[in-house]
Amino acid sequence: MDAVVGQVCIPGERLSSVELCQAGPGTYVRQGYVFASLAGLVAKDREKSSDLPLVSVKSKNKAQSVPEIGAIVTCKITQITSRFAKCHIIAVNNKTLSMPFRGMIRKENVRETDRDRVEIYKCFRPGDIALAKVLSLGDASCYLLTTAENELGVVVAHSDEGVALIPLSHNEMQCPKSFVKENRKVARPQSEHLAFPER
Amino acid sequence: MPTDSRRLPVPEVSHSPELFCSSDPTSLINDDSLRKDGRNPEEIAGIFMQCGTVSQAKGSSFCELHKTKVICSVYGPKDVEQKEDFQMIGKLKCDFKFAPFSCHKRRGHIADLEESELCEVLTQALSSSVCLHRYPKSQIEVYVIVLENNGSALAAAITAASLALADACIEQYDIVAAASVRVFGKENFLRDPTFHEEYFPHQLSKKNDFNNGVVTVALMPTLNQVCGVLSEGCMESSVLQEAIQTCTEEAQNLYAPLRKCLTSNLGDINV
Amino acid sequence: MAKAILGDSEKWFIVHGVQDDFRTDGRSCENYRHIELETGILSNTHGSARIRLGSSELLVGVKVELGTPKPQRINEGWLEFHVDCSPNAHPVFQGRGGKELSDNICSMLTRVYRNNTVMDLEALGVIPQKHCWVVHVDVLILECGGNLIDAASIAVKAALYNTGIPNISLTDGDEGEVEINLPDDPEDVKHLKTINCPVLVTLSKIGNRHIVDATDEEECCCSASLVMGVTRRGHTVGVRKMGGGSLDPESVTEMIDSGKKIGRQLHISLDKLLKIEAGMSEDIKQTGYL
Amino acid sequence: MSNSIVIRLPSKKRLNAQVPLSSNSFLITPGSVITEDADYMRGHGTYTNDDEEDHKLYASVAGVVERINKLVCVRALKTRYNGEVGDIVVGRIKEVQQKRWKVETNSRLDSVLHLSSVNLPGGELRRRSAADELTMREYLKEGDLISAEVQQVHTDGMLSLHTRSLKYGKLGQGCCVTVSPSLIKRRKNHVHNLSCGVTIILANNGYIWINSTAVDGTKTTGDGGFVVDTEPVQMDDREAICRVRNCILCLSRSSVMLYDTSVLYAYEASLQYQVKELLLDEIATEIVDQTLSLLERESSGNG
Amino acid sequence: MAGLELLSDQGYRIDGRKPDELRRIRCKLGVFTQADGSAYIEQGNTKVLAAIYGPREADQNMRNQICHDKCFLNCEYTQATFSTAERKHRSRGDRKGQDMSTHIKQTFEATIQTSLYPRSQIDIYLQVLQADGSNYCACINAASLALIDAGIAMKDYVCACSASLTKGKPVIDINHVEESSDCAELSVAILPKLGQIVYSELNGRLHANELPDVIDAVVRGCKDLFVVMDRTVREHLEETATTFTHS
């Protein structure tokens, strides 16, 4: 009864039992068995930490996830106050969203060090594109995000001239036209996060 | 030029002439025990299903059950509206609409009580199949429009909506298939009733047999769970139970075509 | 409409209680709470009833008016239902709040009364194609303590029983027109035949069992319920599954059986009370909220 | 017949056993003059006019006049809960906010429970980390019931609660009954282990928590009491809990003061009936009457 | 309505009352259990239920009304569909209902000691079950009783009564028939013990010289009403207080 890799399945189809595998994305567990929750093809990945393979269902590319705790999201800053920056989450784990989710980066979650001396306006400006990580589901209105990692922070920003700024250091960016330096919480992007969002 | 938008060039009240034709309900089945459209009572109607009909939606489907045509599109998951409370599970928002031209009678643009009731039934049937806990703080929108109503519209709508959800890659515990049966006398169960075979309250039942009504059941076929029941008309409870059983079987039979429809366009995925 | 909010452990307590057939207020799964009912309490209606079921309280007023028959049913009148949630019951019903709840109750009532076996609609006809009685049944929810649907249907049946339609007389007027005259005596009324009017029974699935007459706390633990209209003779007139959960096919069968049983019991008790009340003289009767 | 459904006409509500009041003089209604003597201090439920000439003290609520030395108060028979420091309350989590929970306690404003005022798993003296802030919903989430003590009353009347004692914290399986806060008699102890194996918390805010005494013992385990126990309650415990619940409802409907003795007397009086019979009005009144006469006998015996 | 004589030559009104006679008043406190306070009043055939919720934490969507030094009142007036002789479905928050809510709200803002309840909200909900004239007055009286039942601090009772003038004689507590004739209608709410008028509204036309007479009559009517209301409250207090103090 163990499903074969590459086999097609639709929601509700029984794939395997929990003794034989772990439930991955696109599956759910009920009464000791793993069922598919998406229509797609069955895939199995061997996890390093566990001897059981991870069963998942790969569906057509448009499967969209909602922001989960720990996910890396791309967001656009919309509003800043002295305590927090509000943003729209426009992509989750490199998958663009058709509709943005609301997010918020609190002052204490901007940097790893010197948390108390962070000033929001020196880190973000409305319109900036930043990478952030989901901390928690937050409250009714916003997801709670953090940029307190080297890899996270502003990746795209524009100067008053309308030119994209060039990162200088972890907290400065410069306009290539007017050579004005601006303060930002600059990300040191990792290649894996730089991939262009898939459509 | 200012015009009065409320003025429509039609009389305020008008009725379809068919209302005035005397319909003889006892003739649902003719002497050869065949129905008006030539089917046996137990014969199901042909069904056509297709995914991805609406290109702009996240997922969509089109379903045709005899002449009944239903189109469904799914959007989301997206952020809930600002005013709502924190919810650890997602919210399913459905909209069920008969197109103005879909029925014998012209339908208004604003949902009437029947539409809002069918919408509730649809929402409740789908919420038991969608893994809502996977979509915290989000909402999933399902829009169903009946383009032509030739009976069994609710059943077609539920099946189409579940198909569209699967097409939109929304996680579901199981597909939902729905079917309806017209009960006409104790032993006559007409499967997939057409518009003429739907239940109308003023139709007389057969002599000495008051069992007269229509039952729609939504089922999750692999889990064997009933996620929607709607009936109308008067029946003995044993007849009702039997009718539900018949619907369940019929919905079970829909599983194969549903699966075929969903798996037909999966070939291009790389595992 | 989820009103009561409960923590997980409270829910477990209720669920296990249902499992043991011993609910939080001591009832077993198929026990109904006591119902207090009185009719004829609103003097400006043609019929009225007030019901109190646990802490749920509803008021039903019936008014009959003359209307034009529907073109396809020229000899018949019809019933029109309307449900309103008073903000007195809960602040959430303020403004347009509570619409979902009232629509649900209203459509369920309409569903079970949309049936030629429950009421003789021809008795509501006055002059074919011209005039007929339209019976407006208005339900007002004044306090919510669970199981509003059942309570509403019981009160509706009682109010219809209480309803008196004026005995109008027809006289030939000028130019062949028929004139309608209202009787001088307000007591000169004919009563509706309510013998076949259904009641609604809600069976709520909690854990593996189903219960009747759930309180609002119990409703909060219930994911799926079956609402069914049951007539005095035990026939079902309209069934609907409510709630976002699903049910086993077998339990649907069981629920229909117990719904039928409970529905008949309700009818027996209700008819008995209505007879007693009708026989009572006005002055010993209670008056509304005093 | 026991299974048939009872439908009947409304019974004339006899509110209470009519115990004659010694004198009606201490009942007052709003706008009435309590005293014209300017020496009295105005307490709750009273007001004076700003007018220089007018030294009269008026009542602003309907209730009982109480005089403590020079302080005059009018105690309304039914109000929202007015918290005092040290009160024990039962409340329901309404919202999880940053670093604090909002708790519904039947007060005028929602109370707050700070993250720093609860015992988290892993010892009392643990520092609250940022991670705790993010996982607050795992400890207490919307709808959960807690017992707590009032730590502080703010000037606008908002209460701060704390649960930094093993007595308090998240409540497990059982049921909660809501009564008017004025029916809870102020006592030294509000948590009672009744002889029938039931523990009741007669919280000052009128929320009464009833659960089985046996279950209570497991709360001292290291998880801080935040884990939901899903084991079914034993049948006889359940029956006792439900009986106590119905008894309390009987008493509160007739506005009998609630404290351990009154609840216990009512419980004893109820034993001749099935639990579900207590829902009937006439049986409820009988139990109330019996309870009152027992209490009467006790007080006259002591006096 | 022209042929209708509101006051007969013998000095009796259509329903047989004398000009300065109130309709039968019956009232009760604490009719509901879930609300913080509730009351029911019958003035003749006008029947009103009132429910009070609060003082409580202000609703999320009423944030803009929160005051930091007092509470705000939220009032909603609804009429049951079957309340009038002719069945009429009123959508919530129609013009008439909104006006009525505003008037009731203003009346009580002058009476409730709002500064005792900072940042809170008090809901006053009024449900008319049967409307037969003087709806505003019945609502005020019902709400006043319900507020007392909820233990909310007020300066005094609020009692309201209506009056009109026919054949030069003031008539009080007017019913629906009198209301729908084209006489003037004066509604007044007073604080009976303090003797203050907190609200008055005149619909129609009265000669300035006649106004004092009408006001005198209506204030007397309010005071008569107060006697009945105060008696009800005291009875209610005695009933509850007996076992309440017993311990």
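Residue numbering begins at 1 within each chain, and the chains themselves are lettered A, B, C, D and E in the order written.
Following the convention adopted for this analysis, contacts are C-beta pairs under 8 Å (C-beta built on N, C-alpha and C of every residue); 3 or more make two chains touch, one makes a residue touch a chain.
These numbers were taken from a predicted model, which means no experiment stands behind them.
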Taking each chain's C-alpha mean as its centre, the one farthest from chain D: B
Centroid-based (C-alpha) most distant chain relative to chain A: E
Centre-most chain [mean C-alpha coordinates]: C
Mean-CA-position distance for chain D and chain C (Å): 36
Intercentroid distance (Cα basis), chain E paired with chain A, Å: 59
Chain B and chain D, separation of their C-alpha mean positions in angstrom: 50
Whole-Å gap separating chain D and chain E, where each centre is the average of the chain's CA atoms: 33
Multi-chain contact residues (two or more partners), chain E: none
Multi-chain contact sites of chain B, meaning residues that touch two or more partners: 86, 88, 129, 220, 223
Multi-partner residues of chain C (at least 2 other chains): none
Residue ranges of chain E in contact with chain D within the complex: 30, 36-37, 54-57, 68, 113, 117-120, 148-157, 191-194, 230, 233-234, 237-247
Residues of chain B that touch chain A when the two form their complex: 58-59, 75-80, 82, 84-86, 88, 90, 129, 131, 134-138, 166-169, 171-175, 220-223, 258-259, 262-263, 265-266, 269-271
Residues of chain C that touch chain E when the two form their complex: 42-45, 48, 55, 57, 59, 61-63, 65, 82, 84, 86-91, 94-96, 136, 138, 140, 142-145, 288-290
Contact footprint of chain C on chain D as seen in their complex: 3-12, 92-93, 142-145, 170-176, 228-230, 232-233, 235, 238-239, 242-243, 245-246, 274-280
Contacting residues of chain A [partner chain B, same complex]: 5-6, 8-14, 26, 28, 30, 35, 37-43, 58-60, 62-64, 66, 97-102, 137, 139-141, 143
